[in-house]
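Beneath this line is the structure, given in structure tokens, with notes to follow.
A, B, C and D label the chains in the order they appear, each numbered from 1.
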Amino acid sequence: MPLRVLLFASYADALGASEVDVTLPANATVRDVVAQLRARGGAERLPPAPLVAVNQRYAGPDTPVSERDEVAVIPPVAGG
Amino acid sequence: MPLRVLLFASYADALGASEVDVTLPANATVRDVVAQLRARGGAERLPPAPLVAVNQRYAGPDTPVSERDEVAVIPPVAGG
Amino acid sequence: MRSAIVDRALDPAGLAAAVSAPDCGAVLLFVGAVRETNDGREVSGIEYTAYRPMAERELADIVREAEARFAGARVAAEHRVGALAVGEASVAIAVGHGHRGAAYDASRYVIEEVKRRLPVWKRERYADGTREWVHAGTGAASALPGAR
Amino acid sequence: MRSAIVDRALDPAGLAAAVSAPDCGAVLLFVGAVRETNDGREVSGIEYTAYRPMAERELADIVREAEARFAGARVAAEHRVGALAVGEASVAIAVGHGHRGAAYDASRYVIEEVKRRLPVWKRERYADGTREWVHAGTGAASALPGAR
């Protein structure tokens, strides 16, 4: 299935885009999203297990994702 | 020696005055000041060992006092 | 409670007024501002960006959590995004409470959670013309907030 | 540092401005105000009195101690005396620091020391027309600050 993944800040710089489209197997999880991303150019600047949000909530690697979900990869936050 | 003692808030109410004059022996201490005060009418509303300031600093019972010192008896503070 | 991600100057006095009330003995206002130096480098400004819908929800969650943990607390918080100059406020947190201890604890809770999990990033501009993303920690995944 | 015992309305924003600086990442402002109830009784106002010269020196000492204990802190504090209505501010403490942890600690230090040793007293006026001196603790001598 196709999925659009949101990127921010240094991760958007690393992959050269603020959104990337990936193709996932059925019953995919956050772990699969990260694996797809890591296969792209520039992804060596991402940590092995970056933080991910699904539908605007932090989500662990086993969280299932479907094509209707909003998935974002979250660099170390620096608010305040 | 004579000494004028300053009183505040509930202690001034208890002794009916914001200043009282006491007479102290030579080499007197804060303890002697308190003993003199406790002999006065209304002093039963003071605690046995009220806080005292000598020259605007908190002072223990053995602190010496002379007639040139500014001595004040300090009720429990309630600032803030 | 009141919370917002905004792209205008913050209004700390307005937040403080929003949490004040006749049963409120203590009001605590925290304001975080852009510093002129960081790690010894001269900063000329900071650009804050956010994953905005998530940041708005996360800040609202943090404020609600503080009000639930510290019963009686009234909390209001704003975080600014966009280009900020040195000295400008990036975050403001106001807490009103009947007792000062709870006001301090609730205020501290909000700023620590903001630093830990609000999806906001900052890129510092330096006097030498360069700019860099600032990572509060090491950037290691292990330092990040866990999934919930 | 800046400190004063005053008989006019406090100026919290002015205190906060006094401790802000370009190297200052965090400003924390504490404001204590008259509450409408105390121990279940409806309060109509509070009259604060002070042993004024000692209170001025003691508050200056407390502010200086906070700046010494929390290196880099800029501290300003004011305590009001006289007749205050419900909601009016009796004490305001502003702390500026490069780091928020020290700002919180310094602010808390000042308010706790003010409560412990500033020679200020308050008499509450109640809705039923009576008034009473308020003792923060039990009034027992053992609860008072020790001689130094």
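Everything below uses one rule, namely that contacts are C-beta pairs under 8 Å (C-beta built on N, C-alpha and C of every residue); 3 or more make two chains touch, one makes a residue touch a chain.
Just so you know, these numbers come straight off a predicted model, no measurement behind them.
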Touching subunit B and also subunit D, the following chains: none
Maximum centroid distance from subunit C, chain identifier (CA atoms): B
Intercentroid distance (Cα basis), subunit C paired with subunit A, Å: 25
Distance from the mean Cα position of subunit B to that of subunit A, given in whole angstrom: 73
Centroid distance [mean C-alpha coordinates] between subunit C and subunit B, Å: 50
Numbers and ranges of subunit A residues touching at least 2 other chains: 80
Where subunit C touches two or more other chains at once, by residue number: 32, 100, 111
Contacting chain pairs - touch in the sense defined above: A-C, B-D, C-D
Residue numbers on subunit C that touch subunit D, as the complex places them: 12-13, 16, 20, 22-33, 35-37, 86-87, 98, 100, 103-104, 107-108, 111
Touch list for subunit D against partner subunit B, complex: 32, 48-51, 53-55, 57-58, 79, 90-91, 111, 114-123, 133-137, 139-141, 143-148
Subunit A - residues contacting subunit C, complex: 6, 8-10, 13, 47-53, 56-61, 63, 72, 74-80
